[in-house]
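What follows is a pair of complexes built around chain A, which joins chain B in one and chain C in the other.
Take a look at the complex of A and B:
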């Protein structure tokens, strides 16, 4: 178990290093931050001075080593736009993002899982087909289209809700619903197929043959098994609490981490982009680690080695 | 009627394909009945239908009575009391028939709580005793094991212990040894026989293996294409089989001291449910078939005490010319 954990931690660390490195290289190869931030008509001397100030004239590997050393020392760099610490810039946006993604996650879980279970239990019924049609629709329509659609109906046509901004809780409703619907659809489909797979297993028939009432078969025998594959996708959703709102924040002009990322990429604000990517990678990796541990808790087959094997 | 369970005219169809075409079969209290026939003839479906364990899409007709009480169409609450409590069933693949995420102790005590109302430490003690009874060594420790930690044979013993938990009057064992090693097979069959003598419960043993039937069962029912084609006491069936299909099965049986092999020596194969011939389903494979065999389903004809066969030839032999 400890070795397993050690291996997972190592893998997590490697993943983060790879993300950081990849972001570093791609960002620097895809455009000159000095030119972009100073503007196209800036005098060449000013641009050169900017380069020198941020160490951009040095070879890439020197920049990389310096950057990496700084990270290890806890310094994530400063924004090239206003000189503020990247970590502070990003940190002050996190609550706004979580204000969208956490309620959206609750919607995904609260609707997606029960809908998937219900559809599986009434397989091929009208209910099942209706749920699955909605799920396919919610799953196929990209979130920016869905977001715009909701804006058209509830903001433009009906005028019930604002179309963008962050002034009141009402502004949060449409973005939350947009994210919630898509995720609930994914989860409903996934839960349904996990549940169907389990319901076809011989041990479910054994439970019925033993006289266990059907409700207890579902709760006591089917769900604990169907939970095992479902944990993966829920873990992925938890892992994207920070990164998952990029599109929706842009559509609804919600000042969260996602919009900061879009702006920072457009500006080649290197430290800010890298700081966000590091944060996103860290959340993902942590969620993955949690999923691995949860697997062990849910599935005894992963906990122990078969005896006499 | 002294019958424990009586099945009359049981029919089952899946999506329009008929799997059972009127099964008549009964089991007396305490008896050991063998149910044999080639793969797909409906042995499992017969008992799954009787206990209400088929998926909802199955269309079921006929009658199944337990001490005269109808089970088909009974409320699920009543069926839940019958299943595991009065009629228990164990299956072919013990490893996947036990729930992988629950300890085996819990899977046994669940049945104890349902059918005997015992819980807590008493249930644990009883589960331990049951594991002892089915010959699992170190039973106390095994209660906390998960199915994947046991061998296939041990898992089948756990299944049997679980079935015994409800003190059933009948145990239906659906090919309980097919998935196991040959040496383990014999042990499990011996165990079933011993438990039957100890508890007095009846046993239905579903199998491909006539050799197993000869050793374990008092009576045999031979099934073909969704019907019972012959029933007789074991000794009589082996000595004097009336149905050509039974004769074929016996002809395919290896010598008693030779190695066992599956039934395969009858030429041809079982007709698909969708392409069932109008008359006797065995006629196309039967060396003794006559034109009349293709016209109507032969009824089961009594040939002697406890012996009947559904074959025109057997019927004609009774009528003096």
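Take a look at the complex of A and C:
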């Protein structure tokens, strides 16, 4: 188990280093932050001064070594826009994003999994077709379209909810629902497929033939086995809690990490972008690690034959 | 949310009730304005925030200079915190300050505040004016943690006031602006963004430069209550305002990046104003009689810019062909619903006696364009056109139309999409044609033609253009005080940069549009600045 964990941690560290390196190189090769942050009409002297001040005239490898050294020392750099520490800027936005993504995740789980199970248990029935039709609609409509649609209905036409902003709990409803619907639809589809596959397995037939009550077959045999692919998807969803609301935050003017990322990328605010990517990578890697451990809990065979080890 | 009744009541209160009413419950309306961006730099300090979007929230509501512009009319220079100016010499201007002006912290404006505002602490840094010393962030200068100025502030200040030497305090209400060199544009420069006055005590009491820059103490009719970077800015009435009690209790700018979201918020009643409305949305919004779209041209012209060092553009005749192949009116009619105009070259009416009323952009003449290309021996080789995706309103559609217009003349122009300005300006052999816009920052051609295209302007600094005669005239235009000669020089510079050896060609005036509830009686300024002073509310 320790070896398994050690390998996973090493792989996670390599992944994070690769993400950070890739972001560093791409961001620097695709535009000069000085010109972008200072704007099209900035005096050349101001652009030059900015470039010198932030060490952007040095060779890329020197900048990279300096950046990496600073990271190892716990310094994630400062925003080029206002000079504040990148980690503080990002940290301020995390609660706002979690205020959307956590309730949205609960909606996804609370609606998606039961809907998928129900559809599978009533395969080819009217209920199954209705659930799947809604699921297909849910995950094929882009979130910005769904968001605007909800705003048109509930804010513009009915006037029940605000169209954007972050002033009260009411402002969070539409963005949460927008994210929740799409995710629930995905989960419903995956859960249904996984359940159908499991329900066709010989051990389900055997359990039924032995006279095990159908409810016990479902809870005791079908659900745990069907949970593995679902847990994988849920793992991805948990991993995207930090920066999984980029589009929705823009549509609803919600000042979270996603909005910060968009602004920071557009401005080539290097330290902030890299700080967010680092956090996202760390969250994703941690979620994947947790998923791997859950696999072992769900399927005892995987405890003795760790995947990828 | 406010309704018609509260709006009118608020306006009436602001205009008519005596001062003691202030102590009673404040009946003035509070309004919310949805904008695409509040501040690019996340600060409210004009020396750092040098953008159009910044002008909207900073000018007239928050910051004021000794001289300013008449936003109710045609942007002419008007006295603001100064009541009179007097030329002592060709390099010294004396200004009498308005008495009884109160800062947001209650202090009275004095000459010491003016000296501070143009001093090293706020503007030029320890090196003083014209210092080129560089301090690295992270070494001697730890970012913005202390009172050190961001590195770009002195650069902007030196650029804005290139010959500045010092402010002399004559008495409590009199200052003298002393320049190192003769400059006929000094009064004009005092109206530009960067020349605003802040409180010396306010700056001293701020813990850091960033604290100051996010809550500056100024003299404007509204003061900062809360600024949440990338999200919202809340201003509240400064009831001691020298120009009369502000008509609004609170002004709240919220950042709503998506156009559809801004419009939806306006329709649902959450926002009273929605800014940055694209022209193609105007008809849709005004279909509802409760709303209207105001606004129009701003002192900013859209240009097509040439790199004369590109092998195919080295011949001026090819660049001239570009300028004659553009049907500018067709662009204005089709993409701007006719709600902007074509200016007379890179100049503005508020230039006063420097304005060349008989000048014009090159006429649309396909035959002339084809003749020039024939003479130049152009064989149809591709000419790259570096393009950003709608950095400017209608930019991509305009580019597609331009390419077809140029094709009709025989020019083979190829669009290359770029992501940012750095890629647009990158000095490589493929740089040939690009978009730009230029502003008239104050009432003199130095503010545009010299600043942007002269020897120290961006176009020459990035290596796109140079012309010996144009450059010599630029220097003379900046230093000469003979107005008749200056007018002739400006004329000659326009001839060079727009006709003989084109550096750019002007397409049209830029415009900005603001949607609002029709019942709100407010008039958009011919600029980005939004004026919420008493004379522009409920009048």
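Note that in this section the second predicted complex is superposed on the first by the 304 of 309 C-alpha atoms of A that agree within 3 Å, B and C clash if a C-alpha of one lies under 4 Å from a C-alpha of the other, contacts with A are read in each partner's own complex, and residues count from 1 in each chain.
The working rule: a residue touches a chain if its C-beta (ideal position, glycine included) is under 8 Å from a C-beta of that chain, and two chains touch if they have at least 3 such contacts.
This is a predicted model, so every value here is computed, not measured.
Engineer: Applying the touch criterion given at the start, work out whether A:78 contacts chain B, chain C, both or neither, answering first, second, both or neither.
Structural biologist: In the superposition, A:78 contacts chain C only.
Engineer: I'd like to know which partner A:212 touches here: chain B for first, chain C for second, both or neither.
Structural biologist: first
Engineer: So in the superposed three-chain picture, is A:32 touching just chain B, just chain C, both, or none of them (first/second/both/neither)?
Structural biologist: Only chain C; A:32 stays clear of chain B.
Engineer: Give one of first, second, both or neither to describe whether A:110 is in contact with chain B, with chain C, with both, or with none.
Structural biologist: The answer is neither, since A:110 touches no partner chain.
Engineer: Would you sort A:224 into first (chain B), second (chain C), both or neither based on which partner it touches?
Structural biologist: In the superposition, A:224 contacts chain B only.
Engineer: With both structures fitted on chain A, tell me whether chain B or chain C touches more of chain A's residues.
Structural biologist: Touched residues of chain A are more numerous for C.
Engineer: Once the shared chain is lined up, is A:299 touching chain B (first), chain C (second), both, or neither of them?
Structural biologist: The first partner, chain B, only.
Engineer: Does any part of chain A touch chain B in one structure and chain C in the other, and if so which residues?
Structural biologist: none
Engineer: Residues of chain A touching chain B in their complex?
Structural biologist: 201-203, 205-214, 220-221, 224-225, 228, 298-301, 304, 306-308
Engineer: How about chain B: which of its residues touch chain A in the complex?
Structural biologist: 48, 51, 53, 76-77, 80-85, 88-89, 91, 93, 96-103, 110-111, 114-115, 146, 148-149, 151, 159, 162-163, 166
Engineer: In their shared complex, at which residues does chain C touch chain A?
Structural biologist: Counting only chain C, the residues touching chain A are 40-43, 50-51, 134-138, 141, 143-145, 150-152, 154-156, 158-159, 210, 228-232, 254-258, 260-261, 264-265, 267-270, 391, 419-423, 425, 436-439, 452, 456, 458, 461-462.
Engineer: Along chain A, where are the residues that touch chain C in the complex?
Structural biologist: Chain A reaches chain C through residues 30-46, 48-50, 52-55, 78, 81-84, 144, 148, 151-152, 155-156, 159, 162-166, 250-253, 255, 259-260, 262-263, 266-268.
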